[in-house]
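Reading through the structure tokens given below for one structure.
Labels A, B, C, D and E are assigned to the chains in the order they are written; within every chain, residues are numbered from 1.
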Amino acid sequence: MTPILSLQSVSKTFTVGAHEVRAVDDVSFDVAKGECLAVVGESGSGKSTIANMILGIYPPSEGTISYRGTVLPSSRELSHRRAIQLVQQNPLSSLNPKRTIGASLRLALDVHGIGERSRRWERVGKLLEEVGLPADYRSRSPATLSGGQRQRVAIARALACESEIVVLDEPTSALDVLVQARTLKLLNELKESRGLTYIFITHDLSVVRNIADRVAVFENGKLVELDTVETIFSNPADPYTRGLIGAVPVVTREEEALRTSLTEKENNANA
Amino acid sequence: MTAPTLLIRDLRLSFKGYSGLVEVLHGISLHIDKGERVALVGESGSGKSVTARIILGLLQTMRTARISGTVNFEGRDLEAMSRAERHRLRGTKMSMIFQDPTSSLNPVYRISEQFHEVLKRMVPGIGRAEADRKAAAMLADVSITEPERVLASYPFQLSGGMNQRVMIAMALANEPSLLIADEPGTALDVTVQAQTLKLMRELVTRHNTAVLFISHNLGVVREFADRIYVIYKGRIVEHGKATQLFDNPRHPYTRALMNAIPRITGEGIPKIQDNSDEYLAPLVVHEGCGEPGEVA
Amino acid sequence: ATTGQAAAQTVLRLDEVAVGELDPGKATDYADSILMFNVYDTLVLPKQGEVGYAPHLAESWETEGNDFIFKLRQDVKFQSGNPLTAEDVVFSFDRMKELGQGLSFVFTKVEGAEAVDEHTVRFRLSEPYSPFIASLVRLPIVDKKLVMENLGEGEGEMKDWGQAFLSSHSAGSGAYKVVSHNPQEETVMEKNPDYFLGVPDKAPDQVRLRYSLEATTVRTLISQGEHDISSQWLPPEVLKSLAADGAQFLTETGGGAFYIKMNTAKPPLDDVNCRRALSAAYDYATGIRMVAITDEIAQGSPSTGAIPVGMYGANPASEVMQRDMEAAKKYLAECKHDPSEFTLEISWIGEVPIEERFALLMQANFAELGIKSEIRKVPWALFTEQVTKPENTPNISQIFVNAVTGDPDTLMYPMYHSSAAGTWQSPEYLKDEKVDALLEKGRTVMSDEEREATYSELNDRLMEIAPTIYAYDRQSVFAASNRVKVPALSDPSKSFGMDGMGFTFRLMEMTGE
Amino acid sequence: MSPVVRLVLKRLGTSLIVLIGVSMLIFAIARVIPGDPARIALGPNATAEQVENLRLRLHLDQPLSVQYGHFIADLAQGDLGVSLYTNRPVTQDIAQFLPATLELIIVAGLMMILIGLPLGVISARYRGSWADSTIRIFTLLGVSAPSFVWAVILMLLFAYFLPLFPIAGRLADSMTVPTVTGFLLIDTLLAGNIKAFGNAAWHLVLPAFALALSGIGQAARLTRSNMVETYDKPYIEMAESYGFPEGRIARRYAFRPSLIPSLTIIGLDFAAMLGNAFLVEAVFAWPGLSRYGVAVILRKDLNAIVGTVLIISALFLIVNIVVDFLIAMINPRIRLSQRAQ
Amino acid sequence: MKRTLAILASNPLSAVGVLLIALVVLSAVFADFIAPFPEHRGAVVDFVNFNKPPQWPYIFGTDLVGRDMFSRIIYAYRISLILGVVVLAIAVPIGVTIGLVAGYVGGWTEYVLMRITDVFLSIPPLVLAMSMMGLLEPTLTNGMIAVTAMWWPWYTRLVYNLARSEKEEGYVLAAEVIGASKLHVMFREILPNCVPSILTKMTLDLGFVILIASSLSFLGLGVQPPTPDLGSMVAEGAKYLPDSWWLTVFPGLAILIAVFGFNLLGDALREILGVEQ
């Protein structure tokens, strides 16, 4: 079975003045339909860059990205656009300050002709309610929302498209745990009911533990480890991964125990 | 007894919209003593960021905002201060880490220029080279591996986490007496986050800085904060020492929060109601945690 | 700018609207004339204070059949030091003819010029042409030797006839020589100390002729003592305020008039009675009042007919044209066109704002007769284009016309001879045999009496068939600072009968700084 | 830097194409202007024969394409033909008049920048205050009367009632400097004549200000309205929270990102003045190209029209390149865009 | 609507703007009732009362042929407003559209469109107007066409440069990622962010258009006498400053009032249009 999304030796190099930044360095991986691939790793290791390339916002410097076996060009047809959606890391800048969030949400429905025209406005309200916002936030402007509220709008917008793949770049970092739980639950439900595929970029390993099927770990532009969530947490191969898990801030004793066991392993490995 | 670094009494805020007045803060009171690390946790949209902005005096100039209540800084009422006096505090005695780092940095200036500006608040005559040196050291402290490159970059050329660390470095640079950190670690991986928290803790102990720490990451809060206020829909609902609160959450909302934390041990996504009338129950204050001047 | 000289130097500053053309072979308008008369000399000059022409470079002349033979003065040197000889006269004439520009058309009846000896010139005319002597004031004598030394690129023996050189240098014998010439700014001239008639001490040492100054600028300059003589084109209100600031007025009554021309080739003004009706309905007195500056001085004097007062054939100054509504109504009743069926198109030249007021005056005047009209502003370029076709020519156009030589022939012939139709001077498209015959006769009869009689007859005929509303006789009014005295422009007994001659700087006097 | 150089070269290359396009267009358009150039040039009294002769000399009897061929052939030798208005080569006219106008409009352009932008910054920073209202009235005055009316008013105020400034021309009659560049501010300095420099500068003040007034108004209003928007951006709040001096926030943080519209319009205003300054030049008796341009248009002086329009066009092209470049400089996101084209 | 009213009510200055515009429009519409000498809008000459300073009954004085300035100004609003509004109503959409396309689409489209704009900018207005006169009837309509033809490139340049910068904003990317059409991105995402500049420029241009009409009428293309228009009044009157100051000052003030009103209104409009519903 062909993977729904596949990256082959993708690299991206930026130049900043005299500096060359190899943000993504020869990365290949496949994403299977219906799975949730968590992407974790160092800050600045190229996670968002990969997301942007998958969406065709930047062209990759090298390598190709294919969707269901066909290589995606950077200017895409509507169907390809609909197939993959993105929740940007920086929700404020991804919302047009001159449009109400209702208008921004409705766009997704209008573009893809989702639902009856006359009922779309209502649907926008529903979408907002699904992410825990009152329907009357439709007529608010982005500037008057809190950080977490904006993030939820961005999620709602990505979900509105009813796409196959959703790339979520730190979608819940500004949410309190209750709302986060609710959002994750929503994502899970959609995954079950519609067979959605997620590429879930996050720093919150506790979330990864509970939502991901597989985990990709990045360090400095390279993919250092890719395995199922169980393996990663119980028996991580890469020392960087182990370090990450060992540093997770936790609230219960059992969790601390897990952390220390991993850290000990690390210490043993080093010894 | 010296006055607390920050004392907020009955702060109310409403926004005037086209459909009328919407109250966002319903009278919150909190305080932070010198050298204390106080966390403000709570629902998304409950009013944490606006509280922070009011402390800095950023909302006061907004046409649609209506504010009442008192905010005292080191014993002095901020509202009673002259504009200039108030202005003098910013960036020197108080500084803030903004929630949305990428939008909060000016897109048309390089990081180095923006950092220079921040450092000038403390040392007005500081030169660019000197500032760059200092900035590079600060950035290295927050685990930025290529400080020169970051200084030479525009904010949109950096990753979210890098911008966040730039913000943190800026906020710490002038060693303020009050640091407001609005979700400072969201875009950081856990190792870097741990490193920055350590840095902040050092600052607190070294300079007796008071910290208002706003976060959704209760794990981080537990590790970092001395005292915690829990806020729900514009009201403080529970207030206690970190240990008290984590060991014995009393308010229904706090309890719900605690239960909703995803566990690294992997128990699936917790099934908790995110909305309930119970959450509106009155304020619970833990032993020894009353507001100064009030009967606990 | 020039090199500064001794402090005692007197500077005369004046302005003109159009850029002065320095090449004497191309000179046409007022500014050109001022330059020409001061930098160059001519064989004859208009007499001061009376009609007729006085010898200048020529000592005397005689006629031989149609030909004219001139004896030249022998003491004249060009500014270059070259002596002025018959060769130069012939060269100047040939050059004028060959270039075919400027006022060369006044010499169409001259077949050629030849040097009989060093100081004698013969002009051969093809037919009797009485205005010839008058035309000679338009033949400035150019320094042949100097020009030949400075020929520019061109084909043939004479290459460019020195056009490039003469457009920014002078090659004359005149009382003033050109120091610098910037067509957008000014021409600076200085006294020629070797002038053959001598230049009086009181005459300005330096003259700056500035171009295209705005009314406000002139006013401010004069009030600050930085300007001496304004152009004649200032609106009356501005002249009035200059007088209030203490300026004096200079006047020049020349052979020109303000004509309101009616297109006789197009209905409704193809009907003579309609034209007569308009002529009678026009409010002459108010027209003069509109250009009045003070109670005594106006930019026009009442017109007495087609020919301006002071020229051959003009009606006496007392017979002024007057409005007569009764007559107007009578004529209109006889007109074959019904006023309810047409709308007159009254045009005015955009460059001459005062014409707007006349257009409005006419509109109001004609409305009293029940004639509708609409006003149309046209820029000069468009106007000259429109008049080339009778159907495009407006019903009514307003034109200021001057006689280029002071002779009625040069004024009337280009306006009313049927062969001249379709130029800016002749938007009437007049075709009248009697007028043609009289115009032709006027230029051949030689004696003053005969000419007077012929032009008088012409005048009557033109009044009768009314192709034009003879609105007023031109009177040029200049505002001047009190540092200058210009007898030719303030004392009728010293005035010249020709436009621009009043600005003979050697006859001006500068007082004070 | 090399991609920038490449970009500029590319722009200059296409500018040449634009210039050729403009030359063809203007060649055709100018001939549609009513009037017979020969007739106008020869003056009212010329005969039909004289007119016809001149028409032949100007090739006006030939088809347009042939005329254009003549034009291009001459242009290749740096010859734009002879002006019928001044009877001099057009190149000579342009060389004499262009520096005068350029000097004037450069000073006016500087005034737009140095007065207009700060006024905009002040009114944005103190929006709603009396300073804002005063500036609003002042800037709107600039668009309520044309520049030459302001020229007249300024002249009356500062030369007639209060004789502070010179009235006409570029330099006092008593002064003289050798012409090197044609820019008096430069030539006086080259001649080492400080007094003349001061005098030339003094002559520039009123006409340049009259010309600049509308641009000042536009720059100020556009700057203000964009800065008001920028003030709502989170990075301004961040700058405020750090207590950067308010003036500095206004000047650096809010101003620079808001500069795009004002810069665009100032650029256009600047280039347009080369064609539009004629009435102001007339009031101050400024021997400039703008006045020349209008004189030749009204006289249908074909060679001179084509010559001046090409100069105006070149100025527009240069200014637009500079503005586009500056905007890319001001906004690094344009310059460093990573977007797929 | 409710929001609009609320904005207007909360901002006294914009209320002043509305009031001024109302004043101007009403006086234009009801000129026949307001003007003390309605016939003076036409060809009336009164050489007894000409060039009179303000005095009863000529509160703004009389012009050089004796017509009441106040009446003429009131009537002049009619033609001047129509002129300004019509020209802008045509030029702005054209200019804005081209600018948006060039700035957003980029590549060859940008090159071609912007170079065409450069060509249009390069033709001096006077040449354009003069040659139009050679081709077309010298009517007011054709005059407006000429003005429009020289006006749009300014908006193109303005919007082009704004669009180039807005294009890099995250919300544009977001809309593209959703699959929004180019049209949508240009007109619904980018355009609203250019509105403040466009509105500001428009309110200023209203004054310029009114004034440029006077230079056109010099060519016979614009408003023809005796019909009063503010631009010509200001321009012609300037010759008679300072003595007959009322000839320039009052029409100038009349333009100022209109521009001022529109400017204030523009600010309010910016707020009303602030966020797209």
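Observations, loosely collected:
We adopt the following convention: a residue touches a chain if its C-beta (ideal position, glycine included) is under 8 Å from a C-beta of that chain, and two chains touch if they have at least 3 such contacts.
Source: prediction; values computed, not measured.
Counted as hops between touching chains, the shortest connection from chain A to chain E is 1. Centroid distances from chain B, each centroid being the mean of CA atoms, peak for C.
The distance from the centre of chain D to the centre of chain E, with each centre set as the mean of the Cα atoms, comes to 22 Å. Chain A and chain B have CA centres that are 26 Å apart.
Centre-to-centre spacing of chain A and chain C amounts to 89 Å, using the average Cα coordinate of each chain. Between the Cα centres of chain B and chain D there is a gap of 53 Å.
Looking at chain E, residues 130, 133, 168, 238-239, 241 sit in touch with two or more other chains. For chain A, residues that reach two or more other chains under the stated contact definition are 14, 56-57, 90, 92-93, 97.
Within chain D, contacts with two or more other chains are made by residues 33-34, 152, 156, 160, 234, 298, 331, 333, 339. Interface residues of chain E, counted against chain C in their complex, comprise 43-45, 47, 51, 64-65, 130, 133, 138, 217-220, 224-226, 236, 238-241, 243-244.
Interface residues of chain D, counted against chain E in their complex, comprise 14-15, 17-18, 21-22, 25-26, 29-30, 32-34, 136-137, 140-141, 143-146, 148-149, 152-153, 156, 160-161, 214, 217-218, 221-222, 224-226, 228-229, 260-261, 263-265, 267-268, 271-272, 275-276, 293-294, 297-298, 305, 308-309, 312-313, 316-317, 320, 323-324, 327, 331, 333-334, 337, 339, 341. Across the complex, chain E meets chain D through its residues 106-107, 111, 114-115, 118-119, 121-128, 130-131, 133-135, 154, 157-158, 161-162, 164-165, 167-168, 196-197, 199-201, 203-205, 207-208, 211, 214-215, 231, 234-235, 238-239, 241-242, 248, 252-253, 255-256, 259-260, 263, 267, 270.
By the touch criterion stated above, chain A contacts chain E in their complex at residues 55-57, 78, 81-82, 85-86, 88, 90, 93-100, 102-104, 107-108, 111-112, 139, 141, 154, 157, 161.
Every residue of chain D that touches chain A in the complex is listed here, in rising order: 232, 234, 338-340.
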